[in-house]
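Both of the next two complexes hold chain A, though its partner changes from chain B to chain C.
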Partner chain A sequence: MGFPTADKADICLLLEGTFPFVSGGVSSWVNQMIRGFPEYTFACCFIGSRPEDYGSMKYELPPNVVHLETHYLHNFKRGAEKRPMKGDTSAYQQVGKFHELVKSGKNTEQKVAMFESMVGQLGDGKALSEDSFLRSRASWEYISRCYREQSRDPSFVDYFWTVRIMHSPIWALNEIADNLIPAKMYHTISTGYAGFLGALLKRRTGRPLLLSEHGIYTKERKIDLFQSEWISDNRGLVEKNNAEMAYFREKWVNFFSELGKQCYLAADEIVALYERNRERQVTDGAPAERTHNIPNGVDLPRFAAVREARGNDVPKVACLIGRVVPIKDVKTFLRSMRTVVNEIPDAQGWIAGPQDEDPEYVKECQGLVASLGLDKNVTFLGFQKIDELLPKVGVLVLSSISEALPLVILEGFAAGVPTVSTDVGSCRQLIEGLGAEDEALGKAGDVVGIADPEALGKAVTRLLTDRPAWDAAQQAGIRRVEALYTQELMFASYRNLYEGLMAKSAESVAEVGKLKGHS
Partner chain B sequence: MSNLKLLFYAISSEIASLMLLLSDDTSVAYFIVYLLAHALASGLMSVVAWRFLPARFRTPKMLSLLLIFGFAFFIPAIGLLTLLIGIVVGVWLPAIFRDRPFSLVGEPYYTPVQAASSSSFRQIDIQSLLSSPDSPDALRMQGMLVLKDMPARVTGKVLRESLGDRYEDVRLLSYGILDLKEKTITRDIDRLLQLLERAKSSRRYGLARRLAELYWELTYQDLVRGDIRKLTLEKAAFYADMALMEAPQDAGLWVLRGRIQLAQGSVGEAQQSLVFSRRLGLSANQVNPWLAEIAMERRQFSLVRRLMGEISDNSQFTHLNKSVEYWRGHGLSHR
Partner chain C sequence: MAGIGFELRKLLRKDTLLGLIRAYTYAGVISSGPWVLSIIGILIIGIFSLGTVIPDVAVAQFQVSVTYLIASSLVLTGGIQLAFTRFCADRAFERQEELILPNFGGVTLLVTAVAGLLGLGVALYMFHAESILFRALLVACFVVLCNIWIATVFLSGMKQYKAILWLYALGYSITVFAAYWLRFLNLEGLLLGFLLGQVTLLTGMLVMIVRGYPSVRIVSFELFSKKYLFPSLILVGLFYNAGVWADKVMFWYFSGTGSEVIGPLRSSLIYDIPVFLSYLSLIPGMAVFLVRMETDFVEYYNNFYGAVREGGSLSYIEDMRNQMVFVIRQGVFQILKIQAIAALVIMATGAQIFAALGISELYLPLLKVQLVAAALQVVFLAIINVFCYLDQRRMLVMLTGLFLVLNIVFTAISLTLGPQFFGFGYMAALGVCVLVGLWLVNRRMNELEYVTFMLQ
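Let's turn to the complex of A and B:
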């Protein structure tokens, strides 16, 4: 069955590696949002790495999704025409000046104007076309000059190809922007490539751009890049300063930081899930006056029914709900189960989440279960329907090393399940409360440090064996989610934003119409 | 077969066929043999000539080959000669006049570009840098990069403290560093466990010894803690015992066994293992530091003095020299 297509939509969602092809917290949120606004039509523009990295759709498309298109940035079959050309030296001089401004770290008007001008020259036959970047003498001379002046790595070949590969998605995104159906506004769920596409679209169409950032994309990329082993460092032993990042690593980090910055600068409104992430966005270049906090919210009636399905006993089950990927640190959960089982021999540890994203990691986790002697206590359940799973769970466990405001904790609270979580993102705020009023609602579980299996195991054991403490935590969770994290509160905040931006969009159309009328 | 060989066979066959043709014998059989030899020469020549054709003339393959073969076969001797000249001219002439898309460039040179001085890392104590609330986050991240390349045994404590850092990037990076180090060892363990499962008895000793070392490494590098540390030490002891069953004379393994027992808190057993390793021939330099540690734990200071005194000056434990000096001095002052 093909994807739905339309020639226009109210809101175009820019989705990088998420809904509807990848399941997880962000995808669930996107699904929830689309269904929460049936009065608007949505177009979904999915951006992925390669087609083979994704399976079939993990979500049934809501009826108000009128258009879905998919694009893969690492599908190198596109390619520009293979012919040498002279190129426009002045255009590359402008690129050089832009890079100087990027390096200075200042967000000046001049930089914004330059970006807008460069974006206009990316198309075929223009001064900064892909063909010109890949095959013109002007481009070659610019790249080799940059290498001589800036590179701290002795390999020109690596430099040349790094620059080419790093920038190639820009033209792919430009092509997507060229062909995307018109929308009244754009809504990107991350910075990165999708965010940059949003910036391109905003600069071209003048239509408003809304950014809702769950995790901080730039930060996560930066950590990936710090740890990655595929980036070469050709410096010899004596050239190396181990406090200095490998040149290419630094180059990639800067590239993603700049992509993020361009998205922040172009966005009309910027949403974070909680205050610390909002502050981070401002530090990373987001204009503070455009930032807001809108926490996630859950569908309370739905989860009240799930709560009803629970029995009176607390099942001796600790459950991690999430994809089996390194960022969830499933290994720490498994190790913590050793501590739990030492105290409660019949305790069960469940991992409920898709296992297709990182098969190597899944294998490592399964090996760890065997080596910890937990074969009888730990089960990998795969993807589960949360409504059916939560009534069988005693404690929800989140061992992640990075999170924002995990929807799963709120869903657990609403379903009457306390949580033990690592101290990441807003988990402490969710479990212990933020501010006197919130804290007075009580602790809905426990918070421990990251990568500390023993503390995690002890906290889980405590909750599973201390019934009064468990009851208190359950009640605190229910009270907190009912007071602060309802779907209605979230939708109301977004309705304000959508309506404001739609009005802005209509104004800009009227403005353009007026100008055309005069001319 | 190479073109040169084919060419040689083609020319030889053609010469042979010409000799047959020019011989006095005029029988039909001789003529047929001539035709066969000439056909062979033409065939071989066709293959060589076809290979030298520009790509656009090589298709369709069969027809193109047939055309060359016809030329060579129906014009005896001269056809072949013409093809030969054609090949030579076709290969050499364009090579002489080809306008190469290359030009002479100067020797490559590279002058390393220094990083901006503002981002250079000051040589200060990393631990205080990381824990100081006044240090800029960018500088602390640089500090983490230094830790990345240092042995986990030395950096384990700092990295673990950084897991609770106020700045998330530092937390994530320290997690990543610890995780990578742990993963490297765990992968080796998994691989060896698989090998051990299907190993012949002759290989079991080596594999078990390596497994004991790897499990020990996890605890020695401070990569596992709490219940998992306990479990890891049990595994290290299990594989050390397995290896010792196969090779009870392995003195080095007895030292490892002793150190594992020491980490497990079995001081008496550790002492026995270490003493046994000495009996098997290991020097005082290699074993006495651990024996001295046990004696120290038991507050047997004179024994510590004696054990440390036995360590020679050229001990491999350079960081131990100060302790050795101290105990020797201490011993003298009490004499």
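Let's turn to the complex of A and C:
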């Protein structure tokens, strides 16, 4: 396929399950960023689960993307020869010590040093190679000892395969790091596997690593893991304790937490979208002095034009913009529409977003529409161009159970549409403001509790029926976005970071050059 | 012999002395029935014919001919027997039983063709001095015997142990009576009697098969497709059967120990009788082997792999592994114990038996050596069986190949060393193989979980 390739780039983006193959908030942000920095060349390293999970590219590649490569972590094809091998027992003893340190929860110098030395032994033929992990007696001894000492699950075969599947991406990432083109710096858009790859690259090349976290990866993974049915819990009925996470789930959560921690430790700069997430990063192990808040920003002139396109009346339309997936809690939105329609019989509820990710959930939602008797009021629009959609919308609705800083709220504000949202992520900060100055700008809509369709419905109804309140909310939104959330502000903050890190990168190169000159 | 365990366990569960005796008798008869019956049958024919109307030399010629027929048919079909057993077991496991009967047809057809051509060639070119009738009978017996082995494997695969036993009893009774009745035709008469008995046996088995397993297709050759055939198993079957007969053949054809009997066929009076007698001592050992293997070992084996597949704890998996090892160890000791008793009984009465058969007591030491060798052979079979269960085909080829080579080499050495060393070749070959085999089993069992999980 015609991916662009180059032998070097200024910034290498590490993208796990997003741009350019998946559409959504984070991908749009990546697209916006690349286009906002035409002076730099970008390499995109896409990491996905399996090739069949992704369709074609959802974004046209900006001209300054000079290199794109794709990697799939659960694409097991490596047919290793199944010969017995002894393996290096001392290397696995070290792994054991490292895991103990991880469990103790402390970030000691010793742990960092151990991680460094372990990562150095991952390559083929080395003490902790993939072959050694999969086939060696030393690895077997270690895995079975861990099972005996720690497992609370009776099934050894499940434990064994969980450990294998959990760790196998490490070698895949190591191989990616081996072959990636050189860049002056690395920018990862999440922790997780991409963040871990960033940590590997930083260790290997000495080049700076920047982390921008939209959601909190570990937290989102936890939600995923709670919903996934493929993780088995083999404990008998009496052994189960509802307060306790299923054993394997806990293992996965711990694994991703540690991946995240390693990324936080390796990153030179860590960006959160808003204060609460920054605090969370710090509690999760990010060194506080490296953290920053840089909120998303919108392209004001573009949305001013969208605002111009609005008529004078407030359309009786509540719209949820987002993928039809459980995390967006579309069902709560649909139930709230029942409350809205009871008051305003001709009100419309739109769901604008792709429906291909979770067809089962889409079906359930459509069934719910029918059983609520909302066939005439609710429409699934599929993917929509936001510039054309927003002028027709009265209120934006977010019923999500988890969000970070949703760009769509800001875009709505800029286009003159207030928002009713659940109290997740930074939504309250966006709608009500944070701090005296910000709060003085007014409320740009309403915030309700999670999974409370009645409150959501009432808030929407109030905005759609009370014209002065709606006008006030619209103005507050416009003022807030213009004051705090412009694209220029965001680009300026990032330009600052990029320039600083590039300089650091040049320094590290000069240093390496000096060292080479000396020897 | 999978599947027999169920019946044995039923008998053992009664937990009475009678139940125990019945279980072991059943196992002994089933495990050694067919060939014990054939040895006894041939001996009986020999005994009632000696000193009657037909000359002694014709009796010897008959016995030797039948021995050669059995040996060569076993070696010829040994490879395909094992591969076919495996094919049946695999298809039964996959619930594709409908494939088994047509392939039995295919194997039978192939074996008949090959055995027929081979037998015809031998009969045409190597028995010039014999009558046409004798030569025709030789070919017919050879083809029928080859088919009997295949049918036996088929019915064992279908767990028809009782039927096999009754048919063998019937077949050999008819053999004895027909031979007695036809002995006025001399050598040809005895052989015709043998053929009649064997044809009855084969017909009985075929009737059972056709009635028990109706099928649309009768002949197919999926067995030989790459997907299903294990060439290593053919080698194992060939090596083992050739190994068992190698020392006997060498004694027949070595000038100091063998003598001409009929056509190219030779025999070794001093070697053959002690060997056949010692084989009768195998019955108790085989019974113990079968009971141990098919009840306790299979139970722990199933538990082990069940726990591996369906999620047992590691300590349980290890426990089952240890139980397997324990059963193997116990089995080997028990086989040796019971074989020692059987050997002592035969040794004590050996002089009388030899006197009754008119064999010089000089060869009593050979009997003693062969009795030890027979005990080792049961242990060797047990080891081979363990490796069959663990599906260690490379190991099996190696072990049986080693057995064949060592038997040839050691027997050659014992032949050059002289009479006081006769039999030691066979015993030493088995001894080495048993030691190597036990060492390999031990090593394999020690790393069973590692291999099962990390190298699958």
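Worth pointing out:
Assume the second predicted complex is superposed on the first by the 506 of 519 C-alpha atoms of A that agree within 3 Å, B and C clash if a C-alpha of one lies under 4 Å from a C-alpha of the other, contacts with A are read in each partner's own complex, and residues count from 1 in each chain.
Methods note: a residue touches a chain if its C-beta (ideal position, glycine included) is under 8 Å from a C-beta of that chain, and two chains touch if they have at least 3 such contacts.
Keep in mind that this is a model prediction, so the values were computed, not measured.
Clashing of chain B with chain C is the outcome of superposition onto chain A. Contact with both chain B and chain C is seen for A:154 once the two complexes are overlaid on the shared chain. In the superposed three-chain model, the partner touching more residues of chain A is B, compared with the other of chain B and chain C. Within the superposed three-chain model, A:367 lies in touch with chain B and out of touch with chain C [touch as defined at top].
Legend: residue contacts after superposition of the two complexes on their common chain; A:342 is shown touching chain B, with no touch to chain C. In the superposition on chain A, contact is made by A:135 with chain C only, not with chain B. In the superposition on chain A, A:74 makes contact with neither chain B nor chain C.
Look at A:144: by the touch rule set out above, it reaches chain C but stays clear of chain B. Once the two complexes are overlaid on the shared chain, A:452 sits against chain B while remaining clear of chain C.
By the document's definition of touching, of the two partners only chain B reaches A:219; chain C does not.
In the overlay built on chain A, none of the stretches 93-101, 129-137 or 183-191 of chain B clash with chain C except 93-101.
Residues 148, 154, 156 of chain A lie in contact with chain B in one complex and with chain C in the other.
Against chain A, in their complex, chain C makes its touches with residues 307-315, 317, 447, 449-451, 453-456.
Of all residues in chain B, those touching chain A in their complex are 108, 110-115, 119-121, 142-143, 145-146, 148-149, 163-164, 168-169, 171-173, 175-180, 183, 186-187, 189-190, 193, 225-228, 231, 235.
Those residues of chain A whose C-beta lies close enough to touch chain B in the complex are 148-152, 154, 156, 219, 222-223, 226-227, 239, 241-245, 280, 326, 329, 335, 338-339, 342, 364, 367-368, 371-373, 401-402, 423-424, 449-454, 457. Residues of chain A touching chain C in their complex: 82-84, 134-137, 139-140, 144, 147-148, 154-158, 160, 232, 234.
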